[in-house]
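Consider the two complexes below, in which subunit A is the common component and subunit B and subunit C are the respective partners.
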Partner chain A sequence: MTPYWAILSARFRTLLQYRAAAAAGFGTQLFWGLIRVMIFEAFYRSTTSAQPMSYQEVVTYIWLGQALLAMLPWNYDRDVHALVRSGNVAYELLRPLDLYWHWYARAMAWRVAPAVLRALPMFIVAGLFLGLQPPDSWASLGAWIISLLGALLLSAAITTLINISLMWTIAGDGMASLVSTLVVILSGMVVPLPFFPDWAQSILNFLPFRGLVDVPFRLYMGHLPPGDILGLFAHQLAWTLALVAASRHVLRRGTRRLVVQGG
Partner chain B sequence: MLDEIRLYFRYIGISVRSQIQYRGSFLMMSIGHFLITGIEFVGIWILFQRFGNIRGWSLAEVALCYGIVNIAFSISDATTRGFDMFGLMVKSGDFDRLLLRPRSTALQVAGQELTMRRIGRFAQALIVLLWSAHALDVAWSPATIALTGAAALGGACLFCGLFVLQATLAFWTVETLEIVNTVTYGGVETAQFPLSIYRPWLRRFFTGVIPLATVSYFPALAILGRGAGSGVPPALQWGAPLAGVAFLLVALQVWKLGVRHYTSTGS
Partner chain C sequence: MAQIVVGNLVKTFRVAERQPGLWGAARGLLHRRHRSVRALDGISFSLQPGELVGYIGPNGAGKSTTVKVLSGILVPDSGRCEVLGRVPWRERVANAREIGVVFGQRTQLWWDLPVVESFELLRDIYRVPSSSYQQVRDELIAMLDMEPLLDVPVRQLSLGQRMRCDLTAALLHSPAILYLDEPTIGLDAVSKLAVRDFVRQLNRERGVTIILTTHDMDDIEALCSRVIVIDEGQILSDGTLDDLRRHVTTERWLIVDLAEEDGDVTDPQATVISREGHRVRLRFDPEEVSAAELIGRITAAHAIRDLFVENPPVEEIIARLYGEQRR
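And then the complex of A and B:
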């Protein structure tokens, strides 16, 4: 366990150095969030029929999304991509570590560090001025924190799977952009899942992606009762384990057929 | 002038040929780009399913704005890749080489690459636009069709102007500033919906400071026959795309100013 923990913390500290990027990202996300809020405001003023979420809840949801955007597994690690392209991935195989958990630890750091840098200022600014509500109750807060942990485990598993796919598609983007498309829409990042058509709900509830955004955000605002946390956390863990098992299998096959060209 | 245009197409031809060499990769990236930009419209569709309309605009009407602004952005995104990478060029000192050649620097930077995979966004925007044209209850005339095309081209000019300005900043800061993405990518996000749904400060910003409203909203009013109660004079609805061209011309002048200010990093 120790070496993986060391990789995670070293990576984490490296990534925390990118503060200027975080500041620029913060400005962009603030503007983005404001536009989204205005679009929803206009939609809510255009209808009198009952909606699955109140306007206040949607506003909170949008700012949570802007705060935690970096946590989503929507892109691949360029360093891993470079390793595969240059052939340096061979060194990774020489290390006396399990390659999967090594990459998993990297992915985890990569999902946590930028999210931490951006989340804190966003919570402060949006909480004070922009209508981000505090958690519904202490129980909701607790359930939210547990589900965030589940979301991170799941996010790192998906990220690692994307990274592993780079072993096949050297060009990179192919598989990665397909997965990120699925992640962004099916997690509830573009539109909160309760707005999706009713026939889609049971499919969305089954798929892993809701564990990334929909579950933690709705627990936060009490839209899902905190008592549901056990089942929801189990759902996140089950998918994480399934993805880890599948990825390990794929990685084993990948390393077996890996040909590193010299030079 | 003619000579410059010919040279530009030479440059672009080289860039296209080099990208075609990796056919599989090009295809996958285009499809990926198609999907990732297309989910934006899926999101809009989902919201219309629940809400029915946004301030009296139907899905088909919003789709017209969406189509125009995304076509405009995809064109500029494909043609200004050189400006996007310009910060690196200044940092490495490669810009010195361009200065030695007896051709305009803007032309040489623009000619570096035509990013073909942007066809993904272009294709999905075109599909949405064609669907909208079909679904709308509008009598299309040659004039409104021409205005749709002009709006897309005017918008492309405007976005090109923004990318040029972003690159120009690199003369002073050495790095291209990411914060400008707020008005480019954020601008696309904004202009996908009619400008009238937003709060006044944002509306004013995107008409007065950056005339993005010209891209989709003003022409859309004319095309949809919504001009009457909007308070936007007809001349502005029909002439608006020209503002995009004007913006690009101004941006190129600022670029020239930047070139004059340039001092090599020496590396």
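And then the complex of A and C:
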């Protein structure tokens, strides 16, 4: 195994042990999912104009969101935070590893493992009892899986950038809470992006965040045609690469400060 | 060829000074005063392959700073440093592959993983081929008696067990050089002896070059033929333990066990250091009076149960060395 893959897999196995947290998360997300469904139900009952998604589609969208919430890059890694605060982050450099990919591998494990633990029961429960529809077609399923992979690559890149930002903001929650708000709203987690006003659409299409939620979910439902996957995946990858490049630059400056000023 | 060369290394840290009180804190937001602390002030030494060097000094003397520079995780202000022909901070990753580092104060293992999984992760991180990993691992496990610990999560290990695991972890990739930063700190007597034996074996049988920083003078006495003493970023002394003794003081100690309790021994050419029960400790200068002469006089004057001559403990020597420099 290559070093980074080994770190990812070790971290993944460690995180799979947190089953109590996953059970609690599952309960919370079930509860919030029900509330969100009720809100949209009230909305659809009272509206008379045509909406960009059907009620059926919105319900599926909500349950997908509740199942995969843990995948979103909305918080920072407490272990990295502790390393930075205690100054022990310098010791990370003792390993014959590139610090960026080391942290990226950690972040990836951290975005995948809890999501897997929560998603499996949620798919079963919501699929059987709560109106989560299966994918629109086999092609939609394929496109969804590919874009989910793209979403993970992107999510880990954003998470790593948040972690790196901890090297400057000691309190840590500054940048993290800002990014968290942006991510939750602009990815389409709160309200699906098609409901946003027309003038916002081109901005939302440009920004990286739709690649996290909006794109994979709508591919799943067939709301975006599976044939679009190439362009959409390229959008996710391009943003991932840009974020990786930018983060590496920031991290280089952070480590330079670290190796000059000490831990 | 020297394996480690350090020449005139200088490192200064800028420390922000907090001003006292609320007003001071408010002013500190606008304007911070900085103070320069010279952690390394012209350190030079070189190490041959297979040396075991004790690197000692009080807290804040610059020991850890030196180790950090040698590990490539700290860049000095000026000076030369080469480890196996590489400048550590310029080729950090290549350098990291060749060295092992153990910190007594903190583990480098993964808290949540069982020991054996930590080892496997390190194997992958250091890209150790499976065949040599198996062999090195089995040897280390045998030497440190680690078999029963392998499946225990790191967080459940005692300090002594953890140190054995950390030593193994630092050696899985068979580094030529090992930095040990206070490896016996906080350990019980048995664990200390185990660690010392292991370090000695590693150095003698495998020729691993070792730099050992410690506060425990027994470590130094048991292990190190060469001792570098630093204080305030400067090297005070570099040589064998005997050289160091000779350099600081020639005095010897005479320990006398008297037949009667609370007896007193007086001699014009020796001074009493301590008295406890039957035992009286005296210091004398062998250039002034020979041990034989002194012992002759004392045995003539007192009823003696036992008596022996010894060197002052290393703590004493080091303390005097610091005192001398600071005066």
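Quick notes on this structure:
Everything below uses one rule, namely that the second predicted complex is superposed on the first by the 257 of 263 C-alpha atoms of A that agree within 3 Å, B and C clash if a C-alpha of one lies under 4 Å from a C-alpha of the other, contacts with A are read in each partner's own complex, and residues count from 1 in each chain.
The criterion applied here is as follows: contacts are C-beta pairs under 8 Å (C-beta built on N, C-alpha and C of every residue); 3 or more make two chains touch, one makes a residue touch a chain.
Fair warning: this is a prediction, and the values are worked out from it, not measured in the lab.
Comparing subunit C and subunit B on the residues of subunit A they touch gives the larger count to B.
In the overlay built on the shared chain, the residue A:124 is in contact with neither subunit B nor subunit C. When the two complexes are overlaid on their common chain A, residue A:98 makes contact with subunit C while staying clear of subunit B. Touch criterion met: A:191 reaches subunit B, while subunit C stays clear of it.
After overlaying the two complexes on the shared chain, residue contacts for A:7 are found with subunit C alone; subunit B is out of touch.
Using the contact criterion defined above for the overlaid structures, shared-chain residue A:234 touches neither subunit B nor subunit C, since it reaches no partner. In the overlay built on the shared chain, the residue A:181 is in contact with subunit B alone; subunit C does not reach it.
With both structures placed on the common chain, the touch criterion links A:90 to subunit C but leaves subunit B unconnected.
Chain contact summary for the complex, subunit C toward subunit A: residues 13-14, 39, 65, 68, 71-75, 89, 92-94, 96-97, 101, 103, 106, 108, 110, 112-113, 117, 120-121, 124-127.
For subunit A in complex with subunit C, the residues that touch the partner chain are 1-3, 5-7, 10, 13-14, 17, 88, 90-91, 93-98, 259-262. On the side of subunit B, the complex with subunit A involves touching residues 22, 24-25, 28-29, 31-33, 35-36, 39-40, 42-43, 46-47, 49-56, 177-179, 181-182, 185-186, 189-190, 193, 197-199, 202.
The residues of subunit A lying in touch with subunit B in their complex are 21, 24-25, 27-28, 31-32, 34-35, 38-39, 42-47, 49, 51-52, 169, 171, 173-174, 176-178, 180-181, 184-185, 190-191, 195-197.
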